[in-house]
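Both complexes shown next keep chain A, but they swap its partner, so chain B is in the first and chain C is in the second.
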Partner chain A sequence: MSQFFNQYFNFDVMREHFGEVLVGFLQNLLVFAVAAVLALALGLFLALLRQLPGKKLMPIRFLTIAYIDFFRAVPILIIILMISGGVPFLSFLPQEVRIPHWFGRPDPFWYGVAALVIVYGAFSAEVYRAGIEAVPRGQMEAARSLGMSHFQAMRHVVVPQGVTKIPAPMLNELISLLKDTTLVSVIALSESVLVSREVLSERLNSSSLTLTAIFFVIIILPLARVVDKLIARQQLKVTRGSHIEVA
Partner chain B sequence: MADPVLKLRGVCKRFGALEVLKGIDLDVQKGEVVCILGPSGSGKSTLLRCVNLLEPPEEGEILLETQDICKGPGSGTGEQSWELDFVRQRVGMVFQQFNLFPHKTVLENVTMAPEKVLGRSKGEAREKGTALLERVGLGDKLAQYPERLSGGQQQRVAIARALAMEPHVMLFDEVTSALDPELVKEVLDTMRELASEGMTMLVVTHEIGFAKEVGDQVVFMDGGVIVEQGLPSEVLENPKEERTKQFLGLVLDR
Partner chain C sequence: MRKSRLTALFAVLLLALAAVAAAGCGGGSDTTGTSGGGGSAEGGGGGEPLTVGSDIPYPPFEQGKSPDYEGFDIELMEAIGEKIGRTPEFQDTSFETIFRDVAQGKFEAVISAATITEEREKEVAFSDPYYLSEQAILVKEGSEIGGIEDLEGKTVGAQQGTTGLELGKEKANAGELRPYPEGPDAINALKAGTVEAVIIDQPVAQNAVEEEGGIEISESVPTEESYGIALAKDNTELLKEINKGLAEVISDGTYKTIYEKWFHKEPPKQFLG
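What follows is the complex of A and B.
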């Protein structure tokens, strides 16, 4: 038993490598922050493309659905490897895109961000879609009957109502995104998991990984509670019947 | 007689295999109130939705102020076209379920379209919106959210919202059907007043009394066709068609 504790909960190892692991974890948070903002924006854009009206725009809708389905199905790890292993050799791209070092961040950082945005853009698009489709049809019709264009109606009427229905599922996506930032370790970004693995191979002890896990738990547990609260609040709203419209 | 504001000829609408409108002819003169009656599923709501192109008809023509609004590309639902702009800036619509914007205050509901579509300044839109809401008796509810209002009040906001776009024609789609009985009168009174001011109105309703009193023309629809039309006194008190008699018997029996 003490062997078990020594392997996973060696406080000396944790203490000695606390700084490195923390710096690595901050790297995870940074990847998360950048990827989350971009993925939420891309997701909304995709969701809006998917809702475009009319027969003529069918190809755009079709392509958007294909994108969303494809990138929800492919493992992120594959995308990360394909971007980091392929983009540098696409010589038609400018140098600063092939090997990006924007804002002083190394290229694996940006390859990782790109992969996460591509995939989580697709996931969040589906969440936005659920919100948009939960807005009664009469809202769009009323806006259109007042002369608003499809885009104006989306912007001023449908989307503002749709997004109030989805904070809980969206937060769940963001929690997954935060955890998936650890996948970027495979392309040598010094985030917490990579740092911990280096400690593991140096000390033959897993406690640094435990420490990393604790960091994630500390951040994510409160978020999970927030999700519960949001769901409870939404339930209350529905049962109270604050939405008068009958579909 | 002058050209009718609205002239429908052979309007047909299908939903898949279901033929909802089977060739509707109708003339509406300026300032006229046309009440459309009929059993549910007779196509009366669809007719209104065709007039403002929420459901563009497959066949026939609809002339709004002598312009054919069914021709030309892209009059399909949701798309952008010259026809849509033309129609929606001239035709206002009020819905059975109010469809107020729940995330906006009463006043914002009324000012949104004038600001975004007509490009009115905020001040101008608010001034006019306030006046309209006072006119429908809701001057004290400007800052409220719709969910705090009764159904009758909500429907009056919806009327003010449509009027804010200065429509030439107003469409009312069973606007009192979702209301508690005691709230029906306040909405009908608002419509009465509007009619007396000379608004051209197309009213789908089950309120026979309103049709009799306010209607200049009554249209009885069944099965996607106009069965009978004429003066309220003729159609409602002296119907010629068997189906009209039957329907009126059922409605007045209540």
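What follows is the complex of A and C.
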């Protein structure tokens, strides 16, 4: 038992490497922040493409659905490795795109962000779709009959109502995005897991990984509670029997 | 509705069946392989198999696909195994946890181009040295980096948990030091141009230069370190046997043959029979 505690809860190891692991964790948060903003934007864009009306725009809808289905099915790790192991060799791209060092961040940072945005864009598009499709059809029809274009109706009527229905599922996506930032360690971005593994190989002790896990729990647990609250509130609206309120 | 659900169930079952069949085939070919799995206990070359951990690939020390691993370490271990009457069975494992795993008995020995260091000797016991190590600074052909002092401010790659990474931390004032999960990952990053230099074991660098092209060794750094076979500390019996086996392999010239096969040069004096 003491062996177990020494292996996973050696406080000396945790104390001595606290600073390094924390700096690594901030790297995770930074990847998360950039990827989350871009993924939410991409997701909304994809969701809108998917809702385009008319027969002529069928190919666009089809391609969007293909994109969403594909990237929801492929493991993120594969996408990360494919971008990092392939993009630098695409000599037709300019140097600063092949090996990006934007805003002073190293290239594995941007490869990781790109992979996460590509995949989580697809996931969040599905969440947006759920929100948009939950808005009664009559809203769109009414807006159109007032003379709004499809885009105007989406922009001013449907999307504003749709997004009020999805904070809980979207927050769940963001939580898993935050956790998946650790995958970027495989392409040698010095984030918390990579730093902890380095400590592990140096000290032959897993406590640094425990410390990393604690950091994630501290951030994610409150978010998970918020999700619960949001779901409970939504439930209440339905059980009261009132029709779902409009923003 | 009901029918489509049944079809889905059928499809899932079919998939599961295919997976089982594939696993069965894998198992089948395994038993016909050289190491022979559990079968070698009864038949085989006598004695129990010796379980050996190694982080593969790390050419030219260890490379190839299971169970047909090859390389300097692998052949040396097989030669030692022959002397002590135990056939090595190799397990591919991650280098960063390899010493902990051998200390806890996940396998009996480790041969994985592992440098003997004081830090590691606290956890495991090492055999007599079987290889003198040198680190190399690997760069792209035509690079301005002439040696370790030129790494200042540069982006440098190395493998996680290795002495190359330690050397980078201590001696190279690199702008960024990137620890890659496997040695070849670091070399790929060099070829891709995402790192400007890689610090890695000399023979690995040499092998990469011969195989890949477009990269060269800018400097070899002697480290006064050597590789050893690692065992759990309390396994003194096996340690003695392995040392004896190693000495025999060196004295009868088998070591020299294996060394020349993988490194294309004569071994240092102390390893000549």
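We take it that the second predicted complex is superposed on the first by the 241 of 247 C-alpha atoms of A that agree within 3 Å, B and C clash if a C-alpha of one lies under 4 Å from a C-alpha of the other, contacts with A are read in each partner's own complex, and residues count from 1 in each chain.
Here is the rule we use: a contact is a pair of C-beta atoms (placed from the backbone, for glycine too) under 8 Å apart; a residue touches a chain by one contact, two chains touch by 3 or more.
Computed from a prediction, not measured in an experiment: that's the story for all the values here.
Of the two partner chains placed by superposition, only chain C is touched by A:99; chain B is not. By the touch criterion defined above, A:156 reaches chain B but does not reach chain C.
In the superposed model, A:54 makes contact with chain B only, not with chain C.
Counting the residues of chain A touched by each of chain B and chain C gives the higher count for B. In the superposition on chain A, A:173 makes contact with neither chain B nor chain C.
When the two complexes are overlaid on their common chain A, residue A:145 makes contact with chain B while staying clear of chain C. After overlaying the two complexes on the shared chain, residue contacts for A:186 are found with chain C alone; chain B is out of touch. Contact with chain C, but none with chain B, is seen for A:194 once the two complexes are overlaid on the shared chain. Judged by the document's definition of touching, no chain A residue lies at the interface with chain B and also at the interface with chain C. Across the complex, chain A meets chain C through its residues 84-85, 88-89, 98-99, 106-108, 186-188, 190, 194, 197-198, 200-202, 204.
Residues 95-97, 99-100, 103, 119, 123, 155, 157, 160-161, 176, 178-181, 185-186, 188-189, 192-194 of chain C are the ones touching chain A in the complex. In the complex of the two chains, the chain A residues touching chain B come out as 53-56, 136, 138-139, 141-150, 152, 156-157, 160-161, 164, 242-246.
Within the complex formed with chain A, the residues of chain B that make contact are 52, 54, 74, 76-80, 85, 88-89, 91-93, 95, 97-103, 112-113, 116-118, 146-147, 154, 158, 161-162, 165, 178.
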